[in-house]
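A, B, C and D are the chain letters, set down in written order, and residue numbers restart from 1 in every chain.
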Amino acid sequence: MSDLDVVRLDPAPDRFCYAFGGREPVLRVRPGTVVELYTEDCFGGLVRSTSDLPSQVCTFPYLNPVTGPIHVEGAEPGDTLAVHFADIAPARDQAFSATFPHFGALTATHATAMLHEPLEEVVWVYEIDRARGTCRFRPRLDGTGPEVELPLDPMHGTVGVAPAAGEVIMSITPGAHGGNMDTPELRAGTTLYLGVNVPGAALSLGDGHCRQGEGEVCGTAVESAMNTAVVIDLIKGGGPAWPRIESDAFLMSTGSTRPLEDAYRISQHDLVGWTAGLTGLHRLDAYQLVSQTGLAPAGNVVDTNYTMVAKLPKTVLGGTRAYDGLHDHLRDRAAEYLRQR
Amino acid sequence: MSDLDVVRLDPAPDRFCYAFGGREPVLRVRPGTVVELYTEDCFGGLVRSTSDLPSQVCTFPYLNPVTGPIHVEGAEPGDTLAVHFADIAPARDQAFSATFPHFGALTATHATAMLHEPLEEVVWVYEIDRARGTCRFRPRLDGTGPEVELPLDPMHGTVGVAPAAGEVIMSITPGAHGGNMDTPELRAGTTLYLGVNVPGAALSLGDGHCRQGEGEVCGTAVESAMNTAVVIDLIKGGGPAWPRIESDAFLMSTGSTRPLEDAYRISQHDLVGWTAGLTGLHRLDAYQLVSQTGLAPAGNVVDTNYTMVAKLPKTVLGGTRAYDGLHDHLRDRAAEYLRQR
Amino acid sequence: MSDLDVVRLDPAPDRFCYAFGGREPVLRVRPGTVVELYTEDCFGGLVRSTSDLPSQVCTFPYLNPVTGPIHVEGAEPGDTLAVHFADIAPARDQAFSATFPHFGALTATHATAMLHEPLEEVVWVYEIDRARGTCRFRPRLDGTGPEVELPLDPMHGTVGVAPAAGEVIMSITPGAHGGNMDTPELRAGTTLYLGVNVPGAALSLGDGHCRQGEGEVCGTAVESAMNTAVVIDLIKGGGPAWPRIESDAFLMSTGSTRPLEDAYRISQHDLVGWTAGLTGLHRLDAYQLVSQTGLAPAGNVVDTNYTMVAKLPKTVLGGTRAYDGLHDHLRDRAAEYLRQR
Amino acid sequence: MSDLDVVRLDPAPDRFCYAFGGREPVLRVRPGTVVELYTEDCFGGLVRSTSDLPSQVCTFPYLNPVTGPIHVEGAEPGDTLAVHFADIAPARDQAFSATFPHFGALTATHATAMLHEPLEEVVWVYEIDRARGTCRFRPRLDGTGPEVELPLDPMHGTVGVAPAAGEVIMSITPGAHGGNMDTPELRAGTTLYLGVNVPGAALSLGDGHCRQGEGEVCGTAVESAMNTAVVIDLIKGGGPAWPRIESDAFLMSTGSTRPLEDAYRISQHDLVGWTAGLTGLHRLDAYQLVSQTGLAPAGNVVDTNYTMVAKLPKTVLGGTRAYDGLHDHLRDRAAEYLRQR
């Protein structure tokens, strides 16, 4: 495979980052490179059993480690970084989820501040069966409910670049730079487009999930270290204001802010503009088309910003392809890589 | 079909309602009855071409007419009304959508009050092709974009009962009584469960859509008069706090309020409680299971309350069936009705 | 007092209302009439000691009784009803406050739905010292804190008219019709302007508070039955979209919805328009003037809608008077009434 | 003035900061020092007439410059930095305000994303009359409205320290570290308490306003360069989670997030806890006392986070003094400084 550059990035335990921005790159790659990398789970690998309560074994702000930053040669502010997920594979035999004090959508939090004591902190252990492609939910508390075998649907909760304006933002926060969007849409086979804010872009990622419901209502997914391969590419110019995602079937825009309706507005506004730009439709016609054909799943409703995703089936685009068909090209490169590794 | 009661309800033009609550029934049925009914579109049928601007041809509060109320014999406060959608068929050859001044998610509104002038008011006409099962989007404004043929996916935006506490609520408002939830999930083949607040329940429905994106971002869907058949049934007791929906594949809870994260919280909270009740799981275990397997699409983000839907795949329930399998029973009755009509 | 019509309204215990809209008037008056009336407290007078927990002694929906409706002769939809508070006097020697399960700003509620158990339900008794003009806060729970004597500042939490569009809305909900705004600004000496929606306006009021903090954070104020005198007047036309308040020093606009920023937007939007209309300023100049001189206190952040108040000092208006100086006129009438009664 | 250390800080034009965190100190002081400093206005001094439109003369992210950071010797994470405002004096004869495209509360913004074009961008010039203590509003647009002389009430919109977790946050964002809270409460005579996150605290301030309405509804106040004197002090430990303010009459807690009700919740939650801690009251008794006596004005409803202020009159505290009476002590030092300078 003469034309596939493949490099591996295995951070030393003390080289994980906990923020986007303000950190020296740990790897430099050219556009087109496949990067195989290891990501630690959101607990930093410190939750290993039901007795490892996150509030006891984890230390703020050393939460949600990300692998990177990766410097992409030639990337300049205003450009578009494309990150295609070729493969996301759980790196251990167990994954973990937990309630965390004052974190989650159905509990008082530091922002939705209340006089309640925290909900009980509980850790769930999921055993991963690679052969069957499943992980197993096991009830932890009193009750008579069933164990449930769930399909693996691995994804990354956190992917982003250095923010604009020199900001340094904790890895648990999603925003215009990407970050902790926690949408299950970021699975293998999709391409993420991020606006570049600093030379080299400074891509980092982490927070692998074996699977996740929309909204991540309890605050954590089926959290797992991952072995992941991404194809990284660069488009000069055209940097989107907010992260965009493309799958074989959908164009997706994201918005991350509060309240949730503003996250919805951002994502829909971007999708309307994207649709108009691709098709030549007037913006109000694009508004109409998106209104009748778009999907709008929640990403997360638990993080420091909430994330909504706006999805448009590519079938309504009249054959136009986003970014000149880059997604198809990257999917092909990913397929070639997977065949050959 | 000896055991199928089928009645027809065709309201006279002056017998449509514009509110839930406070109106005498137009029909009385026994549980188990199939009701065939006609619903007018949200414009009251007054938008018939691109020159019929809703703000000129419609008169507040005569918007969003609903057919009903239907009195269900034996229904008492605290009971659960089940409404199974057997069939939803567009009643005319054209459907309409529009922007409406200061209404929609990407415009200033009366609640999100701003100093902007309204966006341009535009009407789109969709021609319906029953044979192909499609409706056709045609751009209205300057631009080069494509016409797009879209699959029909008929649904009702507005279904509800008389509210609690003697309230009378405009039909454009969704809430605990149902109402204008505007979720595409209310399609044929699903069962809606509503808590009964007054003797007879006082069921009304309307606001048919040939199809609708999640969130209904421009404020209107592909609006159409409908010929609809519902199977109505009654469960004594167990009235849910918020409307619930069941399809063959999913249990769904809804929440309708503002801000959108509270609509999300209501829907997820109800789904967690429903899951715990059905499976025997402790509430925190149910919280965990929903977190990893639930979906969370927007219903509407444009009406006087916003609606979120929380969906759980029935495959994770360990074989338990909601309401003793009533959905399956109603689906069978609907199938029998459709065979025989 | 030849020209002062004074009538008294003492509702029988079974004649209180619990909603705005849909109820026959209990009194008919001409514009200019002084109405002396009795209002029951929000608990319906059923909380009489620390052992009367509201969740046990009160029954939904029989909460927050209002006195009325009062039919104002000549009032037509589109008119402006003016209600000047001449006097608000606690009717008993004790007032009560309480936490109520899942109600308040620092607790999970039915809309901000969470998995927490309710906070402890506690009743506080305030002894009223009319001579000193105070009520006394007494700690109820373990702790070493002080008793505190607080100034009386009586006000009505709930004042409104029949809503538009034939709606019937629970008295605990504030909105464009007024209702349960729960702002301490509604004290004696102020005039409330309400848009009329039905012939006769159908004015009701209740929910007297001996005093209240802004936001009413725990969910209830120092709740008291009241003997209140209002001067009622009518302006033909000009009905404001949202309730307005005038004191000797301020013009105020209110907004009641969720989220709280939308309540802020509504109130500021109305105040900007009101200022432009009174002064002749361009709307953007009025926006600027309000930006630099306006106040923005919370009304309530606990009810089914939240209320914000936008206040403009009358000193910046260049001598213009709202509604042709009606507030001054009504204050004079109130003074005459108080001298003569 | 033997015991008063007074130092002066006049940043060179290229030494202003545009963020909190991540910058080397420009001054080191011991606790107790009076710092006289110059702050530039939010436009960087580039708006000098009505023809200097901010969107044309200002360059993102060089907005809202702050003076600092000031390293306070001995300050360690977890400590409490006290900043007493001795004097805030406009540094020029003119101040400026403006609408800015897609910024403000009554306009579509980047977060409340809509399809509207921006409102008209307009600059207002305020002439400052130091002798009269006023600044003059002059209408800019067509209309017949009055010029209005407004009292000066100088304050700082932006005061803060380096954030926790190594974050670097744009100066236009308010948060737990302080920042761009834009509350008119930060006037001379008040003390601001900030939790220290990094050694030396890294205090910066700017964004002087000649005066500001609550909410800063159009997005900018009467913006002015300032000559300001602060007394800086340090309390070991006790760092508050959110900025607190003390005046002679009030204790105040702030909260900065979205939606606005969460900013309200944070501020009220902190004030309840502060009150309980100072008085010995049980938390629910403090909740009750704050509910009946607290004020809740908006700070800003326009910045990247919204700010609410919770105010408690010190008269209800039974004589207890916050931070052992530090505010009184700093006010005395400020008075001594003002006498002697």
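The rule is simple: a contact is a pair of C-beta atoms (placed from the backbone, for glycine too) under 8 Å apart; a residue touches a chain by one contact, two chains touch by 3 or more.
These figures come from a predicted structure and were not determined experimentally.
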Chain whose mean Cα position lies farthest from chain D
B
Higher C-beta contact count, C-D or B-C?
C-D
Separation of the C-alpha centres, chain B versus chain C, in whole Å, is 36
Need the CA-centroid distance for the pair chain B / chain D, whole Å please.
48
Inter-chain centre distance, chain C versus chain D - centres from mean C-alpha coordinates, in Å:
33
In chain B, the residues touching two or more other chains are 106, 112-115, 119, 258-259, 261, 265, 268-269, 272, 284, 287
Interfacial residue positions of chain A with respect to chain D in the complex
18-19, 21-22, 60-61, 110-115, 164-170, 241, 255, 257-259, 262, 265-266, 268-270, 272, 283-284, 287
What part of chain B is in contact with chain A in the complex they form?
97, 99, 105-106, 119-120, 122, 124, 137, 139-146, 148, 150, 211-222, 258-261, 264-265, 268-269, 272, 276, 279-282, 284-298, 301, 306, 308, 316-318
So, in the complex, the side of chain B touching chain D is made of residues 106-108, 112-117, 119, 259, 261
